[in-house]
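Read the structure below first, then the notes.
Which chain is which? They are A, B, C and D, in the order written, and residues in each are numbered from 1.
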Amino acid sequence: MRPVNAVIREVAEENPTVRTFRFVPSFDPVPGQYLMVWVRGTDEVPMSFSYQDGITVQSLGEATEALFCLGPGKSVGLRGPLGNGFDLVGDRILLVGGGVGAAPLALLGERAREDGLEVTSLMGFRCSSDLIFRSRFEKMGDLVITTDDGSEGVCGRASAGLERLDPGSYDQIYLCGPEPMMMDVILRCRGFESRIQASINRYIKCGMGICGSCCLDPEGIRVCVEGPVIRADRLLKSEFGRYRRGPGGLKEYYRR
Amino acid sequence: MATLSGAVGGLVLRNPVMLAAGILGTTGSSLRRAARAGAGCVVTKSVGASPREGHPGPVVVQVEGGLINAMGLPNPSYKNFQEEIDLARQGGVPVVASIFGDGPEEFAEVASGLDADCFELNLSCPHAERYGSEIGCEPSNVEDITRAVKKSVDVPVWVKLTPNVADIVSLGKAAQRGGANAVVAINTLKAMAIDVETGRPILGNRFGGLSGPAIKPVAIRCVFDLSAALEVPVIGVGGISSWEDAAEMILAGAQGVQVGTALAGGYGIFGEITAGLERYLVRKGLTLMELRGAARKTP
Amino acid sequence: MATLSGAVGGLVLRNPVMLAAGILGTTGSSLRRAARAGAGCVVTKSVGASPREGHPGPVVVQVEGGLINAMGLPNPSYKNFQEEIDLARQGGVPVVASIFGDGPEEFAEVASGLDADCFELNLSCPHAERYGSEIGCEPSNVEDITRAVKKSVDVPVWVKLTPNVADIVSLGKAAQRGGANAVVAINTLKAMAIDVETGRPILGNRFGGLSGPAIKPVAIRCVFDLSAALEVPVIGVGGISSWEDAAEMILAGAQGVQVGTALAGGYGIFGEITAGLERYLVRKGLTLMELRGAARKTP
Amino acid sequence: MRPVNAVIREVAEENPTVRTFRFVPSFDPVPGQYLMVWVRGTDEVPMSFSYQDGITVQSLGEATEALFCLGPGKSVGLRGPLGNGFDLVGDRILLVGGGVGAAPLALLGERAREDGLEVTSLMGFRCSSDLIFRSRFEKMGDLVITTDDGSEGVCGRASAGLERLDPGSYDQIYLCGPEPMMMDVILRCRGFESRIQASINRYIKCGMGICGSCCLDPEGIRVCVEGPVIRADRLLKSEFGRYRRGPGGLKEYYRR
């Protein structure tokens, strides 16, 4: 399938560096699936669905900055929904997000509520002005917020907020956020890794499982098609949390 | 039980169905996975003298019967690639290092810097300036580069040819003169796709290379012609996505086949093709050797 | 209402969507039918100096994304073809005679022997000995033959190029030097299919030319390159089967497009493409002229 | 679709120059549809279905002779079913065949009987030893046979036998045989041409409506896909009966 032309219907500023783009047409994604967003003239980058018809983007570099220059009426090319999304399991679930990682979890939580599940959310941000999707998460059920600077909610990382909850009591935990934060949460949940699903970030180029850019050591999991949602027990046996690869395949280690 | 094992281009393989260059070949782990999934050998992503990030996206676009890619030879350079080859070798099959460079010296530098079971010279990538088919469409370059690499390594050397020429056989002969142990045909066809809504070329690099079922008939033709004209074996690649396709390529004269785009359907393709080929040989009462090039022998 | 009419390669056409050479072009009546179905002009089957029956069958084989044909230039010779052209002209659109020969003299002989609205020189058929791409892959031949035909007729002369070369632009430039009013790209890709059950090449002629959606990305690329390099217009052909395909070809730089293999779906294709193009131009608020080559202008 | 490999299951000699070949696999043709039969190493030629799994072939030239060299166990390549077959119309039908043209009519008549139609057959042959499918036609209903030499049935061409019948009384007439014979029948049935369907013979090469080898003047009817069965009223407006074209497109006129 060629990229589908999608017109930007609406842009919402979620915080100073994060915006939500809503498109026509809409899609039918499983929460956790992603789109390859072709910002014409710049690059094509992966973005998770935060709505059926939308993505929520943090401005980071060339492609995201170019996207931020596009307002309603402008268009992008979209390939998707791609990859394997989250699998809803059990009756009581916990969402743990960090920063823009809240995006796919918001869509997941809303889907879970529609299905009658009980949803608790733990969302970490750097500071109160970084908060996104507060009302979406509040509508779903309990929401614990953490901020690095304590300007809102619990002071500390999302993992700090975990102490206020009983993670073992949830049927399933869903993670999305910076890799060290996700690794931290997983390590604090040793013993029930198999009940944790994480949407992870790797360099996605082809999005169709052939170029090899997104593969996880040592199994060679193709994140773009077998992920981006992967169970924590598999992640623990992988490079996850230690390094990822850059666009040319060079390993980039996380600082400990 | 028909056996699929045998010599291919100076290697001894358990089966002649290989992972093609540039497909899931950036990391040792994905190469090892292909080996464990049943590939007879695996070819790495093409690596060069210095790290490259590749072209901006989109780097692939799906078209009818295949896809166009312009990855732009992203690779960590040979200096950072030995550990990937070492890991890939745990798959238990030979690891072929695909390499590129801008001329005989750079090719020799890259080859000398790697310990692999075989080298495949990428003289055929159609979308990277100064590399690939830009130099590989000249027989004299093909010959010189092949000779230079042959001198600097003591494992088999394969030469991957571009179909974007009037006469691929002259390239094959040049590789043969240069001492190649096999030629590999074909790399992708020069191609392009334009977005109708915006009038914009879709690939970040504008141009790319067409692969997949769409190019199989071109590949079959090239392999047929090359295998008729050369003494060195030909390895066929282009659009193979089933055992029938592999059989067709072998009938055309291929000693081995490589699978690229079809990996989009998963690693299971190796098992499907080898199982299908085995059943076919048993049903026909033929050996792999008898199959090879049989299309040339029909009246 | 957007207008599709305009000049294409020295002809004035009501729309730029033509019937490609060799497709339903043996008889005046099938050509007239294409005209009546909405083609902007029609190109005949390639005719030569003496009658030919063509290759033995199979003359076509379907493959993924297209088909391979080896008709072998069957034709009744120009001496028996004028009545077909005359009948075709009743369709009310220009009739382009596609012709072939073994060199400048034969080409000139055939052209002089026919009264047509335009000539298209087949220097690109990939499966007829001594004709087509066998001579058409040499720029000097292309130039000489174009010049010879230009001298012997006073209607526009188009030159149809083969993509089976490293550099189609050099062929286009040769045609331009020879005085061509337009170049047509592309003819089919050299290709082959082998029957897996018997190991036999399927086409009676063994080899043939690949057409259809499979080759569209190659054609788009050729048209893009040619139209960037030439002053004479480029007519795009290869895999066009919808208005989107036609638009893509025009965006790449084509002044007109030809439709071949897609006629397998019936004559309705002309109406579909022209209606689709019109709607598209209206929606975009563009003229055909503005669309042309727009892909080259995007940053 | 590539040619399907078909193994010859059985060969029956219908008369000294006509044989029936039955294949595995079987097909699901509409009677009147045809196959492109690839006699490997020789040529690919059109043949009408005479059975669901069979064709009945007259040895004429290179391809048919090569086919006659193949016995059970050998194989050919088949493309099909191709083209438009006969359309069964009404309750009482008449089949008019000449020589090997009886082949598709036999299959049609059997199908008509299954559908409960009343079938009358008029079949012309050169002499009694040329007769084919006598018992197939006899089983369907009334059968009138003509032979050119009078060695069996009515003496004369099939059209001569027409005088024994009341062609106007049938809901539909189905024709297949040599072109002059079919033309003769059609001309004798002026006034109800629109109730006659004829399977006609043109040089078929591609069988897919693109090469132009089979086209009928002056409408440009593509016999390979719009035929081979065409209604007589359309045929009367065409070249039919006057000329056909050879493999290179040259007109070949019928002698009158």
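We take it that a residue touches a chain if its C-beta (ideal position, glycine included) is under 8 Å from a C-beta of that chain, and two chains touch if they have at least 3 such contacts.
All of these numbers come straight from a predicted model, not from anything done at the bench.
Asker: Taking contact as defined at the start, I'd like the list of chains shared as neighbours by chain B and chain D.
Answerer: Correct list: C.
Asker: Among the chains, which one keeps its Cα centre farthest from the Cα centre of chain C?
Answerer: For chain C, the chain whose C-alpha mean is farthest off is A.
Asker: Which whole number of Å gives the spacing of the CA centres of chain B and chain C?
Answerer: 33
Asker: Measuring centre to centre with CA averages, how many angstrom lie between chain A and chain B?
Answerer: 36
Asker: Calculate how many whole Å lie between the centre of chain A and the centre of chain C, each centre taken as the average of the chain's C-alpha atoms.
Answerer: Their C-alpha centroids are separated by 51 Å.
Asker: Among the residues of chain C, which are close enough to touch at least two other chains?
Answerer: Residues 63, 193, 198, 200, 298.
Asker: For chain A, give me the residues that contact two or more of the other chains.
Answerer: 40-41
Asker: List the residues on chain B that touch chain A in their complex, please.
Answerer: So the residues of chain B in touch with chain A come to 22-34, 45, 51-54, 56-63, 67, 69, 71, 74-77, 80, 84, 87, 193, 195, 197-198, 200, 202, 204, 260-261, 263-264, 266.
Asker: Which residues of chain D touch chain C once you look at their complex with the stated criterion?
Answerer: Chain D reaches chain C through residues 1-3, 5, 36, 38, 40-45, 63, 75, 77, 79, 205-213, 215-220, 222, 245-250.
Asker: Using the touch definition from the top, list the residues of chain B that touch chain C in their complex.
Answerer: 63-66, 68, 137, 164-166, 189-194, 196, 198-201, 207, 210, 213-218, 220-221, 224, 239, 244, 247-248, 251-252, 280, 291, 294-295, 297-298
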